[in-house]
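Shared chain: subunit A. Partners: subunit B in the first complex, subunit C in the second.
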Partner chain A sequence: MSLESAVLKKLGQGAPEWLCRRREHAWNVYKNTPLPTTQSEEWRYTDLSQIVDLESLKFLLPGDVDLNGSLPEILEGVLNENRTASGSSFLVDGLTTNIDSEASLSAQGVIFTSLRSAVEDYSDLLEEHLAVEALPPEKGKFEALNAAFWTDGVLLYVPRGVNIKLPFRTVNYLSHAGSAVCTRTLIIAEAGSQVSYVEEIISEDFDEITLASSSLEVIAKEGAQVQFVSIQQSGHGVFCQSAQRTLAHRDSILNTLNVGLGGSVSRVDLNSQLLGSGAKSDMLGIYFGDQNQCFDHNTSQDHVASNSGSDLLYKGALDGSSRAAFRGIIRVHPGAQGTDAYQTNRNLLLSDNARADSLPNLEIEADDVKCSHGATIGQLDKEALFYLLSRGLSRQQAERLVVLGFLGDVMSRLPLGDVVDEVTQAIEQKLLTHA
Partner chain B sequence: MSSTPILKIDGLYAKVVDQDISILKGLDLELQQGEIHAIMGPNGSGKSTLAKVLAGHPGYEATAGEVIYRGEPILEMDPEERACAGVFLAFQYPVEIPGVSIANFLRTALQARLEGDDEVDLFDFQDELIERMKLLDMDPSFAERPINDGFSGGEKKRNEILQMAVLRPSLALMDETDSGLDIDALKIVANGVNKLREEDPEMTVLLITHYQRILNYINPDKVHVMVDGKIVQSGGPEVALELEDQGYSDWKEI
Partner chain C sequence: MPENELIQNLDLDEYKYGFIDQETHVFRTRPGLDEDIVRQISERKEEPQWMLDFRLKALRTYEAKPMPKWGGDLSKLEETLEEIYFYVKPQDQMERSWDDVPENIKNTFERLGIPEAEQKVLAGVGAQYESEMVYHSLKDEWESQGVIFDSIEDGLKNHPELFREHFATVIPPADNKFSALNSAVWSGGSFVYIPRGVHLETPLQAYFRVNQERMGQFERTLIIVEEGAQAHYIEGCTAPVYSTDSFHSGVIEIVLKRDSRFRYTTIQNWSNNMYNLVTQRALVNENATMEWLDGNLGSKLTMKYPSCYLMGEGAHGSIMSIAYASDGQHQDTGGKVVHAAPNTTSSIVSKSISKGHGRSSYRGLCKVYEGSTNARSNVECDALLINDTSRTDTYPYIEIEEKRSTVGHEATVSKVGDEQLFYLKSRGMSEEEAMALIVRGFIEPIAKELPLEYAVELNRLIELEMEGSVG
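Right after this comes the complex of A and B.
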């Protein structure tokens, strides 16, 4: 089924009225929002008209997906890794196939469930927060698309004061070439709670462009601590579009890490809102492109309340004829005195055909603030390479080590050891193809 | 002098790539296995260029002459081939490589020395690393730090000695390892070199320095004076002491 209101009808079957209205509204916003062009500053480096024709994609619906009971090899691999987690879920083409979590957690009131079943079981909670508080459809074309056509996703709710050590994990797997899959994640951490959540996107390689649209909404209440990690390792042909908005209330810590390794085109829009005094947000990013891959990051740090802090570090390595664009802005709103905000983007070009563009920006409307931003685009340091060669490393080993160090450095601030190891391995795996 | 020298430099001319002026101008030098030689000379005499040319730095080019290491000409060899053949350069300015731990780096360097599918055993390597650090009185946590990242001058030089201890070269080229060190750091570094030499008396050392003071702690078999790209005087340790008294001024007119 392609993009039309009949899809909405099907998605609305048996759904509460508020949700049908919300989808309908998002669909109207979508129709009235033109596709962004490279004329707009925020889409200067990604020409959507060359990438995807949204009207021609096949929007998968419940019932369209049939795995005949057998899991694809790539997913079996992930399942067999036997990760330690507080809970895990698997989505195949936008629908949850498995989800479970520690029984002791639900006894404490923790909710980790598919968004589809949350519509039935936690309708009030969704009505209050879903696609209305953090990411309403008015945020943009894709935000509207996702709010209208999401098929499933994850709801993670952590009650007041509950501290969960191990992360929750989700794997999103795509199998249909030429399809569009819209999923959402909603994380609500009540006051004083602690939780971490790791999501991965994986897929086959596709001949036709395939859209993976995801929306992330995180709400950290007073003093809550939330870690969000996204690891994007989809296959060739995938356009990964991710809109993320995080709301950090008073004294909360809300950290994110976006790792981009796969896909043909990857676009991340991340907006971190520092809404309460003392709120802090570390925003980390790693991307590593080769062949014709494109990575486009558009970030913003909104300091609304006083004495809040944000620290962004995005690092990327680009091989082959891959491209990266980074556009980031720190906005210090009037009255947000005592803001500490930093923004750094570093790029390493590994080939003459690779390219990176970086546009850091500041918009400061308060006078007592500490802000800085910086961007670098450079090549492998020849002296560093000679240093390693002079110890006997081959050129290939030396380059891999420098790249791994350059990218891995970002994770020194991430407290999730297992995840750091996994990401490191994924980067190492990709580096094996670097000649 | 009977045996074949481990290193024989014959009429070596070298320059910076893309520039026309020679820095080394017909340099001759011979080191027998197990000897410690010191090359002293004023700034700009070409001492560091010699070290870099011997290690195969791509920014330098030998234009004439020959360098024979263990009977093989090495000027055409890549830096990594020379390293695997036992040549080690302790850098004057060790490079910072963020995000790569010393341990990971050294394991990769040892791996590079193995043939085919052989792999460095992780546990053997850990044991070896700890043992080498003990020998040099270093804290084991040092190896987990990223290479030279945020290190003090003394730490950087100790890191060079640690690498030398793990990689066990046949020929160690030490490029102004003493520069920028206070007397305590200098003693630590010199002690490290002496310990490695005690352990392996076959290790040959070419010590490049501007100052005599490191020779109070490391006893050279021979001392050479280098001026304007050539060796102008060679002798025993007494040469260094004469230089200490007279400085390099006598040589300036040459």
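Right after this comes the complex of A and C.
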């Protein structure tokens, strides 16, 4: 079914009225928002008109997905990895197929459920937070699209003071070429709680452009600590669009890591809001492009309250004819004294046809601040290479090692051991094709 | 304007160049701009047909281009442009001796210290008043070596082939809205030619003064530096303070042949009612070195990004800029370096100070085209904020298509540290003295590159501006 009101009706069947109204509103915003062009600063380096025709995508509805067939190989692989997690969920083409979590957690009031069932079970919670507080449809074309047409996703709610050691994990799998899949994640961490969440996006390779649209809303209340990790390893033909907005209240710590490895085009819009005094946000990113891949990151660090801190580090390596664009902005709002805000983007060009563009911006309207940004685009560290070659490594081995060290630097700041290993392996896998 | 209003707007303590001369002109066009006015300017200048055609085509380009939506606030500019005089001719002809310059105009430049500096430290001086160069002179020793330093109009008249070969080749009219406007109504500016191998030991200076209220000044400068030649050109500008806005939009084109070296220094100290939208660009050929030294202290809004197009192997471009934004000022400045050949290098160093409600923005581009192997570029921006109402922004664009290149950008923002202030105060300095000392230290790396008299002037200005800035 293509993009039209009929889809909305179908999605709204049996849903509470507030949700139908909210979807209807988002659909109106979507229709009234033009597709961004390269004329706009935020889309300067990614020409959407060359990538996707939203009107021609097929929107999968709950009845369209066959959940009873045998699991695809790629998904089996992930399932068999035997991961340690507090809870895990699987989504196939935008619908949850399994979800479970440790029983002891639900006894403490932790909610880890699919968004579809949350509509029935936790309607009030969703009404208060979903697509209104962090990511209302007015934020942009894709935010509106997702708010109107999301089919499923995850709700993670951690009550006050509950401290969860192991991460929750979600795997989002796409199987239909030419489809549009819209999912959402809502994470609410109450005061003093601690939680981490890891999502992965995987898919088959597709001949037709396929849209994976995801929206992430994270709310960290006073003193809460939240870690969010996204690992994007989708196949060819996938346009991975992800809008993320995190709200960090007083003394909270809200860290994110975005790993971009797969897909044909990947666009991440991440906005970190430092709303309370003492709030901190580490924003980490890794991308590795080859062939014709494009990675476009658009980040912003909004310091609204005083004495908050943010530190962004995005590093990427580009092989083949891949391309990366990074546009980041630190905004220190009037009155946000005592802000510490940093932003660094580093790129390695591994091939003659790779290209990187970087726009690290600052807008500072308070004077008692420490802010800096840096961007570099360059080649492999010659001295490191020389050293490794002199130790008997082949050029190929040496180059791989240097790239791994360059990107690994980001992961050393993430305290999730299993995830670090998985990402490292995935990068190693990709590096095997580097000639 | 009633006299008391004028006095209110004058604040000589802060801006000592704000004095107003009696209005004198032998001709001026009516306010506003249309084809007829462009024809009048061209006719007055007795130009060849090709230049009139060039101007008229540029006017159409200007009209077709939308007002830029980025940078500073240009929302009221359209109104201003309807009311200003696009061409004001202050005297009948340009003079070679100060004695022949009309008394009141000569007095203006004497108050600005130009004739004195000319004798002591300069190779040549050009002085522009309103729309025309009123004085131009080059010392004999340089003239005899074939150096040309003339008004742009005389450049066109006396060296038509050399002029036409290079004019508008570095900055075509369609480059941006304001280069199109300048191309349509340009008047005044310098034509400079440094012959092969000639090293000018002292600088050339052009001084720009706007006296007329609601005035548009559109100087056009074309500089050709032949193989192995070296020179330094300084540009200064001031204007009286009026309650209405004025407009200055220059186009400066520089061609550096192989192995040459050129430095262009600007000390922009327009009054705070001036829009200053300037396009400056240098084409840098093999092993040549271009240096822009750009000081922006005055104006209401400045949008200016001196650029180096590194076209030949081994070319080097350097841009050093200081911006100072106080109440009611927005300095949107920076620089552009484009690497289009192997082994090219560039560096941009930008320092800005924002005080009161002032806003300074760094906006820059570093572009490395594929094939520019071993290109290296480094950009450093430092911003100092004096008050909690001050604002600073950094908008660098970095676009790299060549793997074998190295590009870095760094920016920091800070305020004057309490510890630094405390230390200096404990050594017996007043808070204001301490503040001025810290700010001077901050801009020192660039100030030391300035000719001595400008460095002194800059430091004096910083001291004045720091008065009452504390607390």
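One rule holds for everything that comes next: the second predicted complex is superposed on the first by the 433 of 435 C-alpha atoms of A that agree within 3 Å, B and C clash if a C-alpha of one lies under 4 Å from a C-alpha of the other, contacts with A are read in each partner's own complex, and residues count from 1 in each chain.
Just so we're on the same page, a residue touches a chain if its C-beta (ideal position, glycine included) is under 8 Å from a C-beta of that chain, and two chains touch if they have at least 3 such contacts.
Every value quoted in this text rests on a predicted model; they were computed, and no experiment measured them.
S.K.: When the two structures are laid over each other on subunit A, do subunit B and subunit C clash or fit?
M.R.: Pair status: fit.
S.K.: So, A:Gly408: does it touch subunit B (first), subunit C (second), both, or neither?
M.R.: In the superposed model, A:Gly408 contacts subunit B only, not subunit C.
S.K.: Kindly classify A:Asp357 by the partners it touches after superposition: subunit B alone (first), subunit C alone (second), both, or neither?
M.R.: The answer is second: A:Asp357 touches subunit C but not subunit B.
S.K.: Per the contact definition in the header, classify A:Lys165: touching subunit B only (first), subunit C only (second), both, or neither.
M.R.: neither
S.K.: Now for A:Arg391: first (subunit B), second (subunit C), both, or neither, which partner does it touch?
M.R.: first
S.K.: On the superposed three-chain arrangement, identify whether subunit B or subunit C touches more subunit A residues.
M.R.: So, of the two partners, C touches more residues of subunit A.
S.K.: After superposition on the shared chain, which partner residues are touched by A:Gln379: those of subunit B (first), subunit C (second), both, or neither?
M.R.: second
S.K.: How wide is the angle at the Cα centre of subunit A, looking out to the Cα centres of subunit B and subunit C, in steps of 10 degrees?
M.R.: Result: 70 degrees at the vertex subunit A.
S.K.: Taking the superposed arrangement, what is the smallest distance in Å from a C-alpha atom of subunit B to one of subunit C?
M.R.: Once the two complexes are overlaid, subunit B and subunit C approach no closer than 13 Å between C-alpha atoms.
S.K.: Within their complex, state which residues of subunit B touch subunit A.
M.R.: For this pair, the touching residues of subunit B are 55-59, 78-80, 82-84, 88-89, 91, 94-100, 104-106, 108-109, 111-113, 146, 163, 167.
S.K.: Using the touch rule from the top, collect the residues of subunit C that touch subunit A in their complex.
M.R.: Contact set of subunit C toward subunit A: 70, 370, 383, 385-415.
S.K.: So in the complex, which bits of subunit A are touching subunit B?
M.R.: Residue list for subunit A touching subunit B: 381-384, 386-395, 397, 401-402, 404-409, 412.
S.K.: Would you pull the subunit A residues touching subunit C in the complex into a rising list?
M.R.: 41, 334-335, 337, 347, 349-352, 354-379
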